[in-house]
Each structure stands twice: as C-alpha cells, then as structure tokens.
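My structure is below; once you've seen it, I'll send some questions.
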Amino acid sequence: MRADERQPLQLRPIQIDTDYLIHPEGSVLITVGNTKVICTASVEEKVPPFMRGQGKGWVTAEYSMLPRATGQRNVRESAKGKISGRTMEIQRLIGRALRAVVDLDAIGERTIWVDCDVIQADGGTRTASITGAFVAMVQALHRLYQTKKLAKYPVKDFLAATSVGILEGNEVVLDLNYIEDSKANVDMNIVMTGNGEFVEVQGTGEEATFSYSQLQELLKAAQEGISELFEHQRKAIGEEARAKIEGNASK
Amino acid sequence: MRADERQPLQLRPIQIDTDYLIHPEGSVLITVGNTKVICTASVEEKVPPFMRGQGKGWVTAEYSMLPRATGQRNVRESAKGKISGRTMEIQRLIGRALRAVVDLDAIGERTIWVDCDVIQADGGTRTASITGAFVAMVQALHRLYQTKKLAKYPVKDFLAATSVGILEGNEVVLDLNYIEDSKANVDMNIVMTGNGEFVEVQGTGEEATFSYSQLQELLKAAQEGISELFEHQRKAIGEEARAKIEGNASK
Amino acid sequence: MRADERQPLQLRPIQIDTDYLIHPEGSVLITVGNTKVICTASVEEKVPPFMRGQGKGWVTAEYSMLPRATGQRNVRESAKGKISGRTMEIQRLIGRALRAVVDLDAIGERTIWVDCDVIQADGGTRTASITGAFVAMVQALHRLYQTKKLAKYPVKDFLAATSVGILEGNEVVLDLNYIEDSKANVDMNIVMTGNGEFVEVQGTGEEATFSYSQLQELLKAAQEGISELFEHQRKAIGEEARAKIEGNASK
Amino acid sequence: MRADERQPLQLRPIQIDTDYLIHPEGSVLITVGNTKVICTASVEEKVPPFMRGQGKGWVTAEYSMLPRATGQRNVRESAKGKISGRTMEIQRLIGRALRAVVDLDAIGERTIWVDCDVIQADGGTRTASITGAFVAMVQALHRLYQTKKLAKYPVKDFLAATSVGILEGNEVVLDLNYIEDSKANVDMNIVMTGNGEFVEVQGTGEEATFSYSQLQELLKAAQEGISELFEHQRKAIGEEARAKIEGNASK
Amino acid sequence: MRADERQPLQLRPIQIDTDYLIHPEGSVLITVGNTKVICTASVEEKVPPFMRGQGKGWVTAEYSMLPRATGQRNVRESAKGKISGRTMEIQRLIGRALRAVVDLDAIGERTIWVDCDVIQADGGTRTASITGAFVAMVQALHRLYQTKKLAKYPVKDFLAATSVGILEGNEVVLDLNYIEDSKANVDMNIVMTGNGEFVEVQGTGEEATFSYSQLQELLKAAQEGISELFEHQRKAIGEEARAKIEGNASK
Amino acid sequence: MRADERQPLQLRPIQIDTDYLIHPEGSVLITVGNTKVICTASVEEKVPPFMRGQGKGWVTAEYSMLPRATGQRNVRESAKGKISGRTMEIQRLIGRALRAVVDLDAIGERTIWVDCDVIQADGGTRTASITGAFVAMVQALHRLYQTKKLAKYPVKDFLAATSVGILEGNEVVLDLNYIEDSKANVDMNIVMTGNGEFVEVQGTGEEATFSYSQLQELLKAAQEGISELFEHQRKAIGEEARAKIEGNASK
C-alpha cells in the first residue's frame, strides 16, 4: 500500500469544477489529489501566421505554475524573462494532445488558446492539465457549435491522460504524487482517446532503464486509470456534448 | 444607484478564505465582487544582497494576472519575456505598503515573498491584492512568532486598501468595478493603517483633473470603505493575531 | 533652516534654457538646484496601434539617467537589457501628466514623444522632468500650430510638478534634494495645472505613515511651490504661446 | 519500397568519424543518410550549482542547427535571443539519455558538456545526435580513465537511438528521412541500451492516434534498428573502450 | 622562423571545398591551417524593410563559432540570449566587405544571406570567413545568373582577406595563428579586391601602438598574402564564374 | 570649399568644457561643430572577473546617444532590450584606444569606466568621444595620483581621434559632418598618440574601394587634424597633468 493509503493501481480522488471563471469561453478547476489546475479555453477569431488562408483552425496551449504552487517558492518565468525547457515541453505536449481529437477543418480560421495554470502541485500536473483542458476546450467549442458558428461538431473523441511509474522496489504504480514521482526510476505519461487509442506515450528512465515487459505493465496500468478519467469528463461536459462526441467517435 | 445596484459609497461583497493552499506559510483567496486574487506569503531565510548584514528583514511582492482573468485574453508576461510597467508599478506598491506595517528589525534576516495572482479581474485588483496580502503575510509571520523564531511580534498595525473615483457625472464612488474604472475621470487608490493613518495616496486624472474639494471627498470615501475592510481582516486572521496587532498599534 | 540654507517652503533656483538642441521640435535644459534634465519633444506623424483610426493624437514619455548622473555610477538599462520598475513608473507618470493638459483631438493622428534625460541628479528628477517636458512639448506643439498643421491650439493649461515631504523632525519641506529625500519619512509628488487643479497626487510613506492633517499641510506646500514654477514656464515659452494657453485655460 | 529505395525496416547508411576536431576531449561527425551532426564532448572540472558537494558528476547536452542545415534558412536562435521549445526538448532528451548509461558517482565532480551541432538535416537529427554523442562522450571519459583521473570505468552500457513511424498507408517504417517524417501520422523516438533495455520511448500522433498493436510493431522495428547502430558504435570507440563497457554491462 | 615552421610572410595551407552541403545555394568548407569555417550563401526573394521598393538587393552576413571550436568551451550565444560585441563586429565586417564587390542593382530585390560558422578555430577566423564567404556567394549568384534570374553578372571583382601583425620582437608576420595572435602587439585585418584596391583596413594596437613605417610594412605583407588567396578562389569557383568576374573587374 | 565653408583639411570648431558635472571623478562636454558629447570617467575600486588578482587595472567604455541627438528620433536601446552592433563596435573601440595610453599596472586593481553620451550628433561622434574621453579619464586619474593612491603617473601619452574620408568627387576631407559622412565613399577613423604613433586605423569602403595612394593621403590628413586636437586637450587638462604626460611620453 502507498503512503497515501492507495492501492498501486488506484487513482487519487478527482474533481472537475466547470464554469469556474466568468470570463473565458470554457474554464474548469481540476483537482487530482492535492494537484489543482485552472484550465481555461479562449476563442480567438484568427490563426497564427503559419496557418493563414488554409481555412483550418488551431489549438495551442500554455502552462504555468504559481510561484508557490510547490513546497519551495519558484522564481516566476516572467521575472527570469524566459520560459524554462520543462514548461515548453509541457505546453507543446498539451497542445499536440488536444489537436489529436479536434477536427481542425471544422473549427474554421480560429485559434483555441488553452491555458493551464497550476495553483497547487503534487505530481501529475501535466496529465491533470490535459484531462482538465479537454473539458474546458469542449465547453468553448460546444458554445461555438450551439451559436451556429460551426457546421460540424469538431470534437472527435474524448481525451485524458495520467502518469504511471516504477518505484524503487520495482512496483508499477498509477497516478504518482510528488513524493513518488521524485523517487521513481521510470516515469511515463500516457495520453489516450475514448476509443482506447494512444496519442502520446512518453516513458523516461532518469538514470535508469526499463524492460519490454515492464513497459507492457505500465501501458496496461495507464489504460485502466484513463478509463476512469473519462467517466469524470463525461459528467463534467454534460449530456449534449457527450452525445455529440460519442457520435463522432463511433464513426 | 450604480449598475450593480450599489450605493455610491458601498463596497462590493468581500470574502477572505484563509489557508487556501497547502504549501505556503500563508495563503488566502480574497474575493471583492467578481475580483478574485490568490495571495500567498513565503518565508525565505535570507535577504536580498542590498540588505545583507544589517540584521533586518525585507518584505517584497510580486503581482500577476492569469491570461484569462480578463474579458480578453492577455499575452503572458513570461511569453513576452518582460514585465509590463503596470505590473511593476503594482508590485512595487504592494511591497511598499506592506513594509509600512512590518517591523523589519523584528523579523531578522528573512525575506517575506508575497505573491498576488489575480485569477479573475473586475477592477480593484491592486487594492484587493494589498488587503488580501496583508492577511497572508500575517499568517506567515504569526507562524514564525508561534514557533519562537521571532522575539517580538512584527506586525505594527492593520493595513488595507481600496479605490475611489469620480465618475462622469461628477459623482464620487467607492470600490470601482472594471466598467466604472474605465469610465472614471479620476481614479485614486488609498492604503491606510488600522490607526487611520495614510500609507499611500495615489490619485490620477487620466486626461482630466480634480479640485482640492473633490480630493477631500475622495479621501473621506476611502476612509469609510477601508474601516469596513479591517473588519473582514480581523475575522480572517483569528483572535490571537488580532490581539497582538492591536496591542502593537495602540503603543 | 535646511542644509543648503533654504527655508522649509523655498524652492531651489530654477532655470529653463529653451531650444537647447538643434534637432528636436522642442528642447529645454531644466535646472532645479543641482538637478539637470534635458527634455525634448519630437513629433511623429502617426499614433501607436491601439490609437489608430480615431483621429486623435497621443503623448508619451521616456525617462532615463546618464550612468553618472548620480554619486555612484549606475549600470545602463540598455546594458541590463531591461528597464527598471522605477523608470517605468516615472515615464508613465510623465506621459499621463502631460496628456491631462493636451487636447488629443486637436493634434490629430500624431504622437508627441517626450524624452527626459537626467544628466545630473540631486533629487526631484521626476518633477523637474514634468516641469521641463511641459515647456519642450509646448514648443513642439506651438510650431505645429504656427505652421497651420493644427486648427485649434492644443494646450489646455499650464502644468508643473514638485515634491514635498516630511523630514524626520516632522517638518514639512518643499522641493527635496537627494539627501533630504533619502531621509524623508514621507515623500509626495504633486502635479498641478495653472488653474490650481490636481493632476497627480502621489504620497508614499516608506516604512512610515502620515496623518490626515499632515496630508493637508503637504498639499498646501506643494500648491505654493508650483505657482512659482508657472512663472518660470511663462517666461520660457514666450508671449504668444502663453496667451494661447491662458486663453484656453480661462474657458 | 521507400522513395530512397530502402526496405521499410532498413536503416540509412551510417558513418561515425571519430576525432573529427582537434580541440574537444571527444568529437565525432556522425552521418545518417544525409543527416550530419558534429558531436563533441568537453570535460569541465566542476558541476552545476545544484550538484555541488555531492561528489557526483553531471552530463548535460546542447543541440543546435546551422541556419542552412535545412532546405529553408532558419533564423539563428542567438539572433532571436531565445531558444525554441523544440531545441530545449531535444537537448533535455539527449542529456537525460546519456545520463542513463553513465555512473555519475564514478566521474567525480565534473561536468561532461555534450554539444550536438547539426550541419545538415534530413530527418532523425535528435536520434543521430544521441548515437553520435554517446561515442564522443565515451572518448572523453575514456581519456579521463586512461589518465587515471577516474578509479572506475564510468560507462555502464552502450546507448543508441533511432526513429520509427507509421506512414499514411499504415506502414511501419524505420529511420525516417525528412520527407517521410513530415508525412508520418505517428512518430516515435526510441533510445535503448546495449542490454536491450529502454531509456526513452516517445511516441506522438500529430493529429492522429495509434493502437496498442501498432505500438508493439513500432517498438520491435526500433529494437532491430538500434542493434545495428551498436555495431557502428563498437567499431568507432575501439577495442579497449568496448571491452570496458561490455564488462560493465554484463554485471 | 615561426613555431609552425612558416616564414614570416608565408600563409598557412589553404583548402576550399565547394558544394560542401546539399541544401544551400552556395556552400564551402574553407580550411586555413587549423581554422575551418563552413560558409553558406542563401538566396531570399525579398530585402529587409529599409531597402524595399528601391529595386536593389542586399548582402548580409552572420558569424558564429561552435562552442568547442576553441581550446576552452564557450557558452553559446543562444544560451546567453544575446550576441557578443565581437560577433557583431565580425558579421558587420563580413557583410560590408562582400557588398563592396557586388552590384546590388544587378541582383534585384533579393537578399543574399551569408552564414559563416567556425567549426574549428586557430586564429584568422574572420578573414577566412570573408575569403570563403566570397566563394559561397559567387556560387549562389552564379546559379541565379545561369537560371536567367539576373540580366547582368553581379560580381564586380574578387575579394579576399587576411591578417597581418607585429609580434613582440617587432617582426611583421602574415596570417597569424591563435598563439601568435594572442601575443601580437598589433593586429591588422585587410580586405582587398582582385584589382588591388582596399575594402577594409582595420589595424589595432592592444595596449600598444605602431608607427607610420610599420603600417606600410603591414600593408605590403597583406597585399602579397591576399594575391595568393585569389589563386585558390579562382580554382574554387570554376572557369565560367572566373571569366565573368574578371570581365567585370577589367572594365 | 565645403558646405559649411571649411577647407578640405580644416577641422570644425572644438571646445572642451571640463568639470562639466558635479558627481563624476572626471567629466567634460566636448563640442566638435554641432556634435556634442558628455564624457565622464568613474573610478571603481575593483576590476572585472577576468582581471582579478593580477594587480592590474582596466579601462572600459560605454557609448550611447540620446534618442533625439539626431534628426530623426531613435528608439532607445534600453527599450529595445539590446545594444546594437554599431554601439558595441564604438564602445569597444573607445575602450581599446584609451587602454593604449594607460599604464594598467600603475592604476592597481581599479576600473576606470568611461561613459560617452552623445547629446547632439552631426557626424564624428566616435572620434569626438575618444578625444573627450581622454580628457575626462586624465582628470580622474590625475585625482587618484594627487591623492597619493597611485605611485606612478599612469597616462603614457596624449590620445585623440578624428575622421577622414573621400567624397564623391574623389576629394579627401578631414572631420566629416553628418551630411558629408553619409555621402562619402570611404570613411576612415584614426586614433593617434601625442608621439605620432597609430593606435587604430579603421578604413572602410561602403560599396566602394580605395587605392594605396588614397590611403596615404587619408593618413596624412588625419595626422594633421589630430595634432590640432592635442592643443585643445593640453589646455583642457591643465599644466600639471600636461607636464606629467609629456614626461612619460618622452621616455
């Protein structure tokens, strides 16, 4: 049993509060154990320069942590004047993952800006961001659809993410908290669709390696955890959006 | 009567949620109408280079807004690679205001980092930040005192802030929301102590001016509003801290 | 009596040399005691992006100090690669103050760039900048008017600024030099118009506070000092511009 | 058969020229098809601040492309003043991968700086960098060992990397060139050790997804390609280093 | 005789490998002793903003060193976030020198981007860059001419550069390597045309000076060295380009 | 005769006002025609990191222009966040030139910071800066010597600079103003010592070249102009400093 009394393949308690803020077109507060992330989706009526004139849309993400989201205060990236490699990696991952389930042709020349701001961190902030950002994005796109700005429902399937890892005693665990993450030999982030397809598989041994059979075990643990996350997302987005997405996914 | 049905000299509803986050030494979520700011206070066991070796402490503040705290999404300052003049002005103001009620000698060679992150903005973010930051800072300093790290209680008095302004019809109003603020001819931010002393008086006519008698009216409106804020702070910080601060203030 | 033999409410000697440089449309060297600032006004035939298409003009200011304007050499902001919070605060203040007396509609889609470069500093550089910048700006706008580029005289009133403060012995003083400024408990910068209206009131207690009655005393001292500054400005700008501005101000 | 007449699971021609430059402690030019990367390893007799005093060493990597390594000229990152997210991701990956096969305790408080500069790009630059950087790093560490600066041979196993992907017709291919990479639905980079363990598995569907069985096929293709790369590395590093590494790997 | 057994006025061995890379319109690897520079020329079908609409082209250069081109590893300028004064000086020099022999009217509204990347440094990197960049630029312009994009052959004359200096014993030497350069009292870089005209003469005494007669001796040494460099360039560019340039130069 | 009625080899009127500012250890306003530069010298009691522990001093220079020193307003380098290549080239030149006449051993571990701020520009700002900076530096070093901080007089000789050029009609002219400079085919800056030795010779043909005999003519013109500058410097620095420097120079 783990320090927080979870079973190895048990997720932490999840909560997704929708319409968390008044201004954005979509916004949620996602809570995964002690990790809390505000995810917002903003609609901009143009696309970045490299996309112009193609009649297609774009989805992009930014990620940040409040300075005191963590045990020690971190210097703000705005104060340093530059974004760390870690932040860039995470925001590229979130954007790429979301684009895998969006029909960019269907949203027209619009950009969906997804912002994930971690207000409290206890491991798994990038996967919680993806899981929460999906819901915020669906809200924003659903409104565009409802107001007849889109002819076709643009969300192709559900999308959620979790982490799995191998702890020192060689045990495979699901949804690592910060303490577990910092002790893990292998850390893997998995993003999947509602249909059970992979979008991202990022496994890393920091000063360690992992075998083929361990990799299989990690993938299986992630698949089970992610199925559970889809349940929370289905409730959060409401019946109408759920039906539309499941309709698209079953084609 | 105002658009949100308030009287001219009526504050918006205030709420101060303490211990809002698990990691910081002090943290609050302050809500002033639709304005919401997370204020945290972090203790660092050293002072900036220009203060070293004097046996004194330092209090410094940083301020930021989430990109979608506002009606339109703002580009992150970390992405721009620099902090705007507005942000700098605000964080200098918050730090200076807090230092006015802290006995820097009493806190020893420590820095109190105060972070004010606006998650939702509807006018008055800088004054809400000061009012909330005071509470977060008291929590952090109170813990240092309780754990015997400080010989003397370091908070000299209460500190809160509000805005006042002159609307187009020449009406003096208290605690302006965003719509009012953008239409006001004169905008004034006032920071005061529990003893009724001024710490900051910043009055600005943007493409307008104000007379001596208008200034008097503005000051009076602010004084009344701020007295009410102290009530909220007193409740938020708890009986023990309140008694200590009032003891210091009455000397 | 003060260290430099002035009375508490006595200004330092003022000098405003006009047409100080050959290239700018307006330029002065303003001397206030040992503080010397070169103020220039440049006319650009366009406005910043956020102003375009409104038929209105804009006035903006930049402020800088030569590295050896002060007792110790300061690192250049160009070498640091960023502008300090103090500089940003000051240049925002100067621009805002000047705009209060300019009819932006009357200048058309033009930007007046005001540059204040401190070549020698002894306290009061921001208020000397405002007082000198007003004269340089009037010169530039006067030329536009004389050459028939403006239909209406765009300067609505005189504008000048000074500082007041409370020294340690609780004495209110006018026009603080550097030594006084660094010892003052309260420091206040006041910007006023020729009609006696306030444009900016910025009072700050650094690790100190001030009472309502002290505030009244400070305001009164500033008003008297600023009246004297208007005399110097009237001489500097010449009879024709003076008549035009006074005509506008009396409407 | 592929455009360049390769079988789906065939690598491009590989060449590793060692001691390519006179100054670095280790240097190679690795050629993989038309992709050419100069990899150097430099020994610095200290570690970064966060590692000091632990008696351990560090391995870190930097990656860059000449502006005209590609079909279109790219603006230099030094001219832009910042490093792109893609570059950061790649250099973090290279460093992490190399550290997985280095005994950091055995190298003492030293940093091995690995620089991978792509002089010609045709897909697979990050995996070619890892494969080449391993050889340059072994050269540098081997010299430290030969000159008795290290008590223990610090390289624990071989390390190489390649890419695999799924092309539009659902075909799994090995070692994608630029044209294939830009058309692939799924792109996966795999880093493995001589013992057949995984160090990194990074699979990404850009606007696409992949199934569990496709993932298995990709992993298998990568394993075969990487075995061949080890043969080139063994020849490049020479008999003595090869024996030492294989001795460590068999423990 | 010098440390590397050269006579005082003897150049190091020169080699110019053309078509060194597959992507650029022109590319060479120039080797001068142990100094090796990759020079590429890229054609862009537009000019910088300050040149637009004049019907003329532009030639600009960038220069960089790999971090381990030198005996000690240098921090990358992209990592520092800014370009050093030395780099700026060199790239301005290369661009200016090349423009002296190009008929900018003849190339139309195009920019020739010349990139000089030093992969190994042993003194004389800026002069080797100019000598090699000339050849890469001729290749790119020659292709434009051959494909009928230019009506007139745009290269007016040959262009090459070398360094001369005064060593401690007052001896004038040609083509200094790194060791000589770091001990020289006077260092001079000379750029000349095939017709024997000067384009740049940059002589510098670092903590030293030089007389009129020494200056004459330095100029003479450079002239002789540069004549030899033209021989290498003539071979490298091929018969057809050579004839065209010599035709232009003899007008 | 030239547009400003000068003979081809005639300097513009020169004026050197010493002790121009109250704070710096040395300061002058140098006027060369319409070019005006404030040069200051500041003494810092330490050297940069790369010089520490050698018992030697350092002289370094910074150069800047006020935004409206020129006919068109220039964006400040602090606002751009970086220093231009032109500025870097000039400040490196000024520092290098001054170091050629200073005995760095004699000044001990001190840095002399020389700041040249152009308040009005009409060509020749870099050479006026060198000529003026020499005087400011002598003042600062003279004070160190007078207060017995230096055992040996550290200035080895006089140092001054001017520009020469070739105008379109092939005429060699001395001390070019801005109009002449922008039309010149060849522009050369020469720095010389009181003994008639060269410190810097920087001749550049922008889209032009120059012959050996033209070079000789340019050098001769510069020599004559510089002799006259030494007369102004001798008067400016005073009898005592002059005697000391001439004593050193005649050794």
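Think of it as A, B, C, D, E and F in the order they're written, each chain with its own count starting at 1.
Keep in mind that, in the parts below, a residue touches a chain if its C-beta (ideal position, glycine included) is under 8 Å from a C-beta of that chain, and two chains touch if they have at least 3 such contacts.
Just so it is clear, the structure is predicted and the values come from calculations on it, not from any experiment.
Undergrad: Taking each chain's centre as the mean of its CA atoms, which one is farthest from the centre of subunit F?
TA: Of all chains, A has its centre farthest from that of subunit F.
Undergrad: Centre to centre, by mean C-alpha position, how many angstrom separate subunit C and subunit D?
TA: 60
Undergrad: What's the distance between the Cα centroids of subunit D and subunit F, rounded to whole Å?
TA: 52
Undergrad: Just the number, please: Cα centre separation of subunit E and subunit F in whole Å.
TA: Centres of subunit E and subunit F (C-alpha means) sit 29 Å apart.
Undergrad: Find every residue in subunit E that makes contact with two or more other chains and list them.
TA: 81-83
Undergrad: Make each chain a node and each touching pair an edge, then name the shape: line, ring, star, complete, other.
TA: Contact pattern: a closed ring, each chain touching exactly two others.
Undergrad: How does the ring run, chain by chain, when subunit B comes first and subunit C comes next?
TA: Following the ring from subunit B in the direction of subunit C gives B, C, F, E, D, A.
Undergrad: Under the stated contact criterion, what part of subunit D meets subunit E in this complex?
TA: Residues in contact with subunit E: 21-24, 27, 34, 38, 40, 42, 44, 62, 64, 66-71, 73, 76-83, 87, 113, 115, 117, 119-120.
Undergrad: Write out the stretch or stretches of subunit F touching subunit E in their complex.
TA: Its residues touching subunit E are 82-86, 88-89, 91-92, 96, 99-100, 104, 188, 193, 195-212, 215, 219.
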